[in-house]
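Two complexes, one shared chain (subunit A), two partners (subunit B, subunit C).
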Partner chain A sequence: MTAGRTEEAVTDVPAPRAAVAPGAEPRSLGARLLGPQRRNLWFWLFVGPFAIGLGLFTYVPLVWSVYLSFFDAHNTVSPAGSDFVGLGNYGAMLSDPAFLGSLGTFLLFTAFIVPATYALSLALALMVNRLRFAQAFFRSVFFLPTACSYVVAAVIWKLSIFNGVRFGLANTVLGWFGAEQTAWLSTTDPPWYWLVIVTVRLWLQAGFYMILFLAGLQRISPQLYEAAAVDGARPGWQVFRHITFPQLRATSVAVVLLLVINAFQAFDEFYNLLSDARGYPPYARPPLVYLYYTALGRDQNLGLGSAGAVILALIIAVATVVQARWFGLGRKEE
Partner chain B sequence: MAEIDRRRLLAAGGGVALAAGLAAACGSNTGRGGGGSGPGISQWYHQYGEPGTQQAVKRYAAAYTKADVSVQWRPGDYDRQTAAALLTDSGPDVFEVNGPLLDQIQGGQVVDLTAEIEPVRDDFHQAVLAPKIWQDKIWGIPQAVDMQVLYYRKSLLKKAGVQPPRTLDELVDGAKKLSDKQTKGLFLGNDGGAGVLGGTPLFAAGLSLISADGKVGFDDPAAARALGKIRQLYADKSLLLGAPTDWSDPAAFLQGLTAMQWSGLWALPQIKKALGDDFGVLPFPEDGSGGKPSVPVGAYGSAVSARSKRTAEAKAFATWLWVDRTDFQQDFALSYGFHIPARISLAKKARQLQSGPAADAVRFATEHGYAEPLLWTTPDRTAYQDALSRIIKGGANPESELKAVVRKVEADLRRVKKK
Partner chain C sequence: MHDALTRAGRALRLVFLIALALLFLIPFYLLVRNGLATERDITAPGWTFFPHTLQWSNLTEVFRDPNLPLGRALLNSTLIAVSTTLGTVLLASLAGYGLARIPYRRANLVFYAILGTLMVPAAVTFVPSFVLVSTLGWISTLRGLVVPTLFSAFACFIFRQYFLGFPKELEDAARVDGLGYWRTYWRIVVPNARPVFAAVGTIVFIGAWNAFLWPLVIGQDREAWTVQVALSTFTTAQNLNLHELFVAAAVSIAPLVVVFLLLQRYIVAGVERSGIDD
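And now, the complex of A and B:
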């Protein structure tokens, strides 16, 4: 009975248009553009606005920026009338010690922030994962700073915690132990400003990566731990080293990749911690701050700034691809 | 009571909304402050810190009858906002500008205002007018003169047995004597002076940024010697660093965090109110046998955008406000903040500038005032400031650092002179 009904239902379904007998009326162009059941129309209705926005605000400026980078374009975004300089801007940028110095700043920043964030967020995740009570509370506590803007956090760090006079929080605490007041952001010897820059980002982003690690930890099968216990593995470091850490490999690769890209894009906290109305010190000037001053500052050298942006984009792309290949991102688990 | 059905209620609600929309469109606040019924022009200002300034400039605009002038008061990074807006058609017609810069003039972004200013050209403070002239044409009308001076606390200097410094060596020695655990000798900004000092130590050594014949003005051993002494201030731990507010705010000076502070004339009323007569002002002290006291001066200029659709009306308004209406100029300079009127005749008449430290400051501006020349471009400034920062904080060799800056400035001079 059931089978008979199914057969009936199948025969009721209209045959696809393509299967219409030869000689039948071909579909009109409009109907073909609309697609079966007007799927094309609906597709473009939903996707179209976003595609147009993406093209207009991302791809057109991107192509325009590459085009602009071949011109001596001061105070103009229209290269017409500007001198064509070919690869001159690229040569100038790559031989500019300030730009190369900014890349050095980025490397130093990455060397600090990537391992520090990785270690802290993993440690937080391991701690929170072991909690039997109030896990949601502590997860929220550590995640909450992610909601704070970099600008606000930088201003708090600069004016309240690490200001250089005797009533700054850090100096007050150190003063209890008889230490002299320290100008945290103005001292280059020793370079205390790194402590301020790294801690503010660490506070802001460790919670986010902790959540990623927590998700990774919760995917590890408990049977693995049980098997390890049966085999006599000691809980703690031995289990972490031989089971937890290897099982987090995919999460670790993604975290490191995201951390490196984010470090390259560092701008807000650097700018708000170190700039003033008169400029920005040459130490701790990452590439984006440098390009901001070149292209959008009073200099308005949009040709040179565009060349720098293209160079920076290429460096990020190459670094990402190399890193992904190195860690085997996307490779099937063996 | 008759029951109102749902359709009628919606229709009535829609009617009210439409009427309200039309009313708002007809009589809404468009931001225009002008009382004129003529063409609409927009005027941009950066956000001044002094209360009352915004209302004052709106009042000036409203008093103009030949055009409907809307005032835009723009907080944030004004220089970058105007630089970006001038690339578009939606920028201002008339705007104040920290310049205009040479690249803005050469890029055709501002219009020539020579004819408008010519009748009273000699009455303007010449040091601030000079950087607004390119190829014998004037590209901006100076609004009000700002200057920087060295404030010192008389009682603290007396207690430490330090005389107000007249030379750079005396400044270095005095700042060291004035420094202890609670108070530092001198505040030049949280970056140690790299940002605010600019060419001031070079002028104090008898040099310049760009010479009168358009060449690098500091390719001289005296420049390295003067900058080396600024480094000495840092190395002696005589400089206040990391204050909650920077050099432009007198808070550090008033809170007793420093005995001397380099700041602007605008801070004078606030300091006088807090300290009474317990302070004095000085120019930046001279250095070496060829040196002379040095006082940086500058003026925001009123410029007209070349992309304005109403250039003639905008020029007429700028001329009316900054050339003809001397009463408004006087009010703008002295009733809210504390600036020197850009017109010499007005500065002489100003009662607030005729006695005490204010009178000293005006005299310093007249006798020792220098403004950054038009040929001193943004890349030059950045390269020099970076070098100064490396010298002061990193202890880099002043001679080799300055040699690199000289090469950079020479290259940029070739670029701008080619145009």
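And now, the complex of A and C:
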């Protein structure tokens, strides 16, 4: 963020006040509310609709959710008439092995997807960045999956690549090497479904983070590389370790933060890959999938679901702040 | 000797890149292959690169299947994506301009209140938002699907950053000519800020078209299904026709791939300018 310019915008304010001639009539309350040259009015005409909408559809639901979470609200969104249970829903959620298991699933998923996406997108950016020709072509190819939805990707993964034992690309290719057929999505030991879930997200996301890294790479001054060459650093690993990687630090921090936040929101691919006509299997339920079934499934337990959402929001807030501190993120890089 | 090594390294890297690119393109190929194949070609035990017969009638058949309301879903998705994009761009650009350019003592406070919602991932608020939307009686309506998604703090943030760096001279000239904030914004700023409008618009459009959780929760009636919800419901159905599902999936991404390839450079510019990695 450009702090300097922000200040400029703010320090603009006193100037017109000074322009009010001394001895002028004291301004009425209305005039003061409107501000010099009706600036306050104009500010709220521009920002108001957005701010009100954001408040109504983000802050109000959050507060309502906290309120609802203290009630035994089944099938209803207004707690009137249902029992006040205090912190009961929170206790129930925090002692529910399925909910805790969903947090475990998230942690495991994050442990897979964050380093994998980070490494792949950085590698793609480094390779594409050094291309002398066809750079736009390769960039487009890797970026194109970003236009795909998780639903469409799940159709391809579930019903074509990692289809069950009868057909499917993965089993066919493995069959050429004499490997046995695998039921990818229903094998829990070993958990082959992880391979399916992680590769979908890698395919969809890597191109987007590659673009972020490419932007970062372009900002590194060529003089640094020249200096490194003069100092005798061998191109390749040494230059990467001592110049490129440290210079990409800000980008890396942003990428890791985004990856973790996005992993928290994992829903689409789990839901679409693992649920079928029989419902959702008991394994691999990240928090959102679990909340979806708690709040909007057969039980319609919105009080319990709200408690879960509040717990999740708190965990995310704490995790974000800790990460930001950890990486030394100030306001500047928010 | 050294030169030969470098050249060999470069060739190796290119081969590796081409292999990776093919790997990234395979899913698109599978989508088209299965969409044009016969049911037997998809489910036959031995997988072949080319289907034995190309069945172009799949393209029309999928629109006639009463189990998959694809036409209706495409219409819903189009309405939702277009109105979400227009609404978001209008609201967020106005707010971003106000925050960046209209001096107001508490502008920073308002800005941080908006920025704070970025910390709350939208998906975590789906239970409370569902509660609100159902209280309003907006379940399975277009406004229930669109209105709550219009207030994107991310879009507002990008616009604000962009307008902060916008040359002030242009606006000053307009002010000297006696234009107020509104006309300066509409006549000077908007026409000169087309790239950022295109960038945010494309990102919002892709996001709205591909959204899944919100339309799944709010669009409960069949009539309110988006393409994503229809496809997903079809995937979990008991008797599914794979060739229809694949052609429907291909149809659902076709408009997006076109938009994407045409406007790609704006997305890239928008991402680079978002200040995300600054």
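Operating definition for what follows: the second predicted complex is superposed on the first by the 301 of 334 C-alpha atoms of A that agree within 3 Å, B and C clash if a C-alpha of one lies under 4 Å from a C-alpha of the other, contacts with A are read in each partner's own complex, and residues count from 1 in each chain.
Assume a residue touches a chain if its C-beta (ideal position, glycine included) is under 8 Å from a C-beta of that chain, and two chains touch if they have at least 3 such contacts.
All figures in this text were calculated on a predicted structure; none of them were measured in a lab.
Chemist: Touching A:Val322 in the superposition: subunit B (first), subunit C (second), both, neither?
Modeler: In the superposed model, A:Val322 contacts neither subunit B nor subunit C.
Chemist: With the two complexes superposed on chain A, say which partner A:Gly168 touches: subunit B (first), subunit C (second), both, or neither.
Modeler: In the superposed model, A:Gly168 contacts both subunit B and subunit C.
Chemist: Quick one: is A:Asn75 in contact with subunit B, with subunit C, with both, or with neither? Answer first, second, both or neither.
Modeler: First partner only.
Chemist: Give one of first, second, both or neither to describe whether A:Leu296 is in contact with subunit B, with subunit C, with both, or with none.
Modeler: both
Chemist: In the overlay, answer first, second, both or neither for which of subunit B and subunit C A:Phe46 touches.
Modeler: It touches subunit C, and subunit B stays clear.
Chemist: Touching A:Ala111, do we find subunit B (first), subunit C (second), both, or neither?
Modeler: neither
Chemist: After superposition on the shared chain, which partner residues are touched by A:Leu33: those of subunit B (first), subunit C (second), both, or neither?
Modeler: A:Leu33 contacts neither subunit B nor subunit C.
Chemist: Once the structures are superposed on A, label A:Ala229 by its partner contacts, choosing first (subunit B), second (subunit C), both or neither.
Modeler: neither
Chemist: Which of the two partners, first being subunit B and second being subunit C, lies in contact with A:Leu159: first, second, both, or neither?
Modeler: both
Chemist: Residues of subunit A touched by subunit B versus by subunit C: which partner has the larger set?
Modeler: Of subunit B and subunit C, the partner in contact with more residues of subunit A is C.
Chemist: Kindly list the residues of subunit A that each of subunit B and subunit C touches, one partner per complex.
Modeler: In subunit A, residues 77, 159, 166, 168, 276-277, 296 are touched by subunit B and also by subunit C.
Chemist: Touching residues of subunit C toward subunit A in the complex: what are they?
Modeler: Interface residues on the subunit C side: 13-14, 16-17, 20-21, 24-28, 30-31, 34, 42-47, 91-92, 94-95, 97-105, 107-108, 110, 113-115, 117, 119-132, 134-135, 147-148, 150-151, 153, 156, 161, 164-165, 180-182, 185, 206, 209-210, 212-213, 217, 228, 231-232, 235-238, 242, 245-246, 249, 252-253, 256-257, 259-261, 264, 267-268, 271-272, 275-278.
Chemist: Quick check: in the complex, which residue numbers of subunit A touch subunit B?
Modeler: Residue positions touching the partner: 74-77, 98, 159, 162-166, 168, 180-189, 276-279, 281-283, 293, 296-301.
Chemist: Looking at the complex, which residues from subunit B come into contact with subunit A?
Modeler: Contacts found on subunit B: 79-80, 83-84, 86-87, 98, 101, 103-104, 106-107, 109, 181-182, 189-192, 194-196, 240-244, 246, 248, 252, 257, 377-379, 381-383, 385-386, 389-390, 393-395.
Chemist: Applying the document's contact rule, which stretches of subunit A touch subunit C when the two form their complex?
Modeler: Result: residues 1-2, 5-6, 9-10, 12-13, 35, 39-40, 42-47, 49-51, 53-54, 57-62, 64-65, 68, 77-78, 124, 127-128, 130-131, 138, 140-161, 166-169, 171-172, 203, 207-208, 211-212, 215-216, 250-251, 254-255, 258, 261, 264-265, 267-268, 271-272, 275-277, 288, 291-292, 295-296, 302, 305-306, 308-309, 312-313, 316-317, 320, 333-334 of subunit A touch subunit C.
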